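Each of the next two complexes has chain A plus one other chain: chain B in the first, chain C in the second.
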Partner chain A sequence: MEYPYYPGCTLKTTGKKDEEAALEVAKLLGFELKELPTWTCCGVVYNLTSDVMADHLSATRTLIRAQEMGRELKTNKLVTLCSMCYNVLKQVNLMYKNNPDKLNNVNLFMDTEEDYLGNIEIMHFLEVLYNDIGPEMIKAKVKTPLTNLKVDPYYGCMLLRPKTIAFDDQDAPHVMGDILSALGAKVIENPMTVECCGAHQIITNKEAVLDCVQRIVKASQSRGADVIVTPCPLCQYNLTTGQKSLFEKGKINHQTPVIYLSELLIISLSDNNQDYLKDYKFIKDKLEERGG
Partner chain B sequence: MVFTVSEKGLELRKNVEEISGQNIFQCYQCGKCSATCPVVDSMDMAPNKIIRFVQMGDLEVLDQNTFWVCAACFTCSARCPRSVDIAKIMEALRNVMLRNKQDFINIYSKEFIEKMIEEIPQMAIVAAIKKGVW
Partner chain C sequence: MAEKNQIPLVSVFIMGKEYKVPSGLTLMKAMEYAGYRYTRGAGCRAGFCGACATIYRLKDDYRLKSALACQTTVDDGMYLVQLPFTPANKKKYDVEKLNIAHNVILKEYPEIARCISCNSCTKVCPQELKVMDYVQASLRGDIEKAAILSFDCVQCGLCAFRCPAEITQYHVGQLARRLNGKFVAPKAMHTEEAVAKLNSGITKKEISKLKVLKLAEIKDLYKKRVTE
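Let's turn to the complex of A and B:
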């Protein structure tokens, strides 16, 4: 099975680790993520006003690219790895579904592009893993069970809000937990799992982000998490650098590593996981703790 | 006591309602949005109070940092018992300022350019620009 895949800006730079791991995970699980040949920024944040259409154009272009590629691959799906891309593309898509007039206007405006027909289905990588592959199938392919490893799955906001685009329960999501359980890890229930990490406020109001990070991490640490796992490159950045600042200020006792779900999947599913285990020595130690 | 709303106050209320597509009088001031907001501690004025000020057409609302601090995480919108999309109202207030040529971020400032050199993910930079610059 081949899926059209939209990376977005961050996965090519600071989130590169996530992309590399996810593409490999896909191969191990028997599907392929085919990157769109040309793509533009998705817009990052969905414009919430009722009267500005220009902000939706970049997302619309990406949807048209997906439509073109989908014809070749005979699918109407578009997979994203980044939570914010998922959120924006899905909200724009939904807006067109609910307002055919707006779709018509945009098609008239972008007359050098082919018309967008409004039938692309946006999926996050997690959704593909959970719905199309399934935890059972993942469990069957595990080479290194993550026994002893206490993992805190952190979702953040963009996968679950607003309700119209959520692919899991808004207040008690279980998709990541189910996948992690399939890998043999011990999943921790953190009440802060759907809290915001502060997002782009890292640029203008770092203190607000540190407040958010402190709440999330403290709840995670008091439950004994060895590692926090997230699908979002911005959450990963905020939680990692936020913890560093908080640790320097003495507001937390130790720093919990924050890694991408795809990296943990590689460690568990791949034979060649030595590179990752070298980077994440704490996981290696934990795995060895269970007696070899 | 008779309470009158100024012309400008009425205009602000109308603009916020038009841009957000929300009925501001749906709000009955329970304060759930402020209780659930993850960044409320950094705000000059709690979100429910902001909505009250817009209802009353009080222009002081535009001097607060609340809508700039809002990270648009949609927690308030998800939990409002009256289904008011508060995130949209915050976006409307940002837009009232931005359309009036009052940007929150100066992208040519030294501070901002230094941020670009740090290893901050692009998505954060683009998001901040989209929320704070017209």
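Let's turn to the complex of A and C:
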């Protein structure tokens, strides 16, 4: 199975590790993420103004690229790795599905592109893993069970809010936990799992982000998490750099590693996980504890 | 007979005033035919310098079109104006002191983050470059792609006029190409070798021979020269 894949800017810069791991995970699970030949920024945030066309052009162009590639691959799906891109693309797509007049307007405006027909389905990588592959199939492919590893699946907000685009229970999501359980990890329940990490406030109001990170991380640490797992590059960035600042200020007494779900999947599913275990020595130590 | 051989005239509107000019002229020649005299904005007259950016509309077509005045021939009913200069801020940087971090272009030209992917720049480009795509590549630090996509830019500046995000695309592309040449593309070893060879003095012997020849001997040598 081949999926059209939209990386987004972050996956090519600060989130490169996530992309590398996810492309490999896909291969291990028998599918392929095929990058759109050309793509633009997703638009970064979904503009909530009711009558604005310009701010949706980026996402619309990407939907058209997906439509083109989808014809070739015989699918109407488009996969993203970044939660922010998922959110923007899916909201724009939904807006067109609910407002045929707006779809018509944008098609008239973009007179050098083929018309967008409104049929693309935006999926986050996590959704592909859960819905199209399934925890059972993943479990069957585990090479290194993550026994002894206490993981805290952190969702953040972009995958689950607003309700119209959520692919899991908004208050008690289970998709990531189910996948991590399939890998043999011990999944802890953190009530802060759907709290916002502070998102783009990191640029203008770092203190607000630190407040968010402190609440999330403290809840995680008090439940004994060895590692926080996230599918979102911005959450990964904020939780990692935020903990560093909090630690320097003495507001937390240790820093919990924050890694991508895709990286943990590689460690568990691949024979070739040595590089990852070298980078994350604490995981190696935990897995060795199991042997006694 | 003379009438029969005459080139048919077409109507062009230069800054709103109608002129009858022979068909087949370039926009630049048509303007000169109409009486305009270029002191600036004529440039190379060969499609390379980008000094004669022109915008025009055709009758009953809402699209704003663009051209280099020296490269495009007149159409009947064309409304045109030439825009020989684009006011645009150009950053001063020392390429030796830059690097290829993913945000290097973004730091020099932060306004590229304002791109809304409207594609106006691509539509207006007389060189038919994928301008929006190279701005987007610059935004995500893909310097090589930005350099390749912008390679044929003649810096006419029309993209910067059309951009609703007020980006100066052609300067962005130029930075990308400089970074690509400096840090990404393989070094042109043959140039270095050729320069070293010249510096070693391999031409000295031949030149000193030529210096003492008589004019007739030089002419004779020229006639017998071997060309590629």
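FYI, the second predicted complex is superposed on the first by the 291 of 292 C-alpha atoms of A that agree within 3 Å, B and C clash if a C-alpha of one lies under 4 Å from a C-alpha of the other, contacts with A are read in each partner's own complex, and residues count from 1 in each chain.
The working rule: contacts are C-beta pairs under 8 Å (C-beta built on N, C-alpha and C of every residue); 3 or more make two chains touch, one makes a residue touch a chain.
In this text, all values refer to a predicted model and were calculated from it rather than measured experimentally.
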{"item": "Partner chain(s) touched by A:Leu94 [first = chain B, second = chain C, both, neither]", "value": "neither"}
{"item": "First, second, both or neither for A:Cys9, with chain B first and chain C second", "value": "both"}
{"item": "Residues of chain A touched, compared between chain B and chain C (which is higher)", "value": "B"}
{"item": "Partner chain in contact with A:Met84 - chain B first, chain C second, else both or neither", "value": "first"}
{"item": "First, second, both or neither for A:Thr112, with chain B first and chain C second", "value": "second"}
{"item": "Which of chain B and chain C A:Ser58 touches, first, second, both or neither", "value": "second"}
{"item": "Touching partner for A:Cys157 - first (chain B), second (chain C), both, neither", "value": "first"}
{"item": "Which of chain B and chain C A:Thr38 touches, first, second, both or neither", "value": "second"}
{"item": "Residues of chain A at both interfaces, chain B in one complex, chain C in the other", "value": "9, 13-14, 41, 43, 55"}
{"item": "Chain B-touching residues of chain A, taken from the complex the two chains share", "value": "8-10, 13-15, 41, 43-45, 47-52, 55, 82, 84, 157, 161-163, 170, 194-196, 198-205, 207-208, 211-212, 215, 233-234, 237"}
{"item": "Of chain C, residues touching chain A in the complex", "value": "102-103, 115-119, 123, 130, 132-133, 136, 139-142, 164"}
{"item": "Residues of chain A defined as touching chain C within the complex", "value": "9, 12-14, 38-41, 43, 54-55, 57-58, 61, 110, 112"}
{"item": "Residues of chain B defined as touching chain A within the complex", "value": "18-21, 38-39, 41-42, 68-69, 71-75, 77-78, 85, 87-88, 91-92, 95, 104-105, 112, 115, 119-128, 130-132"}
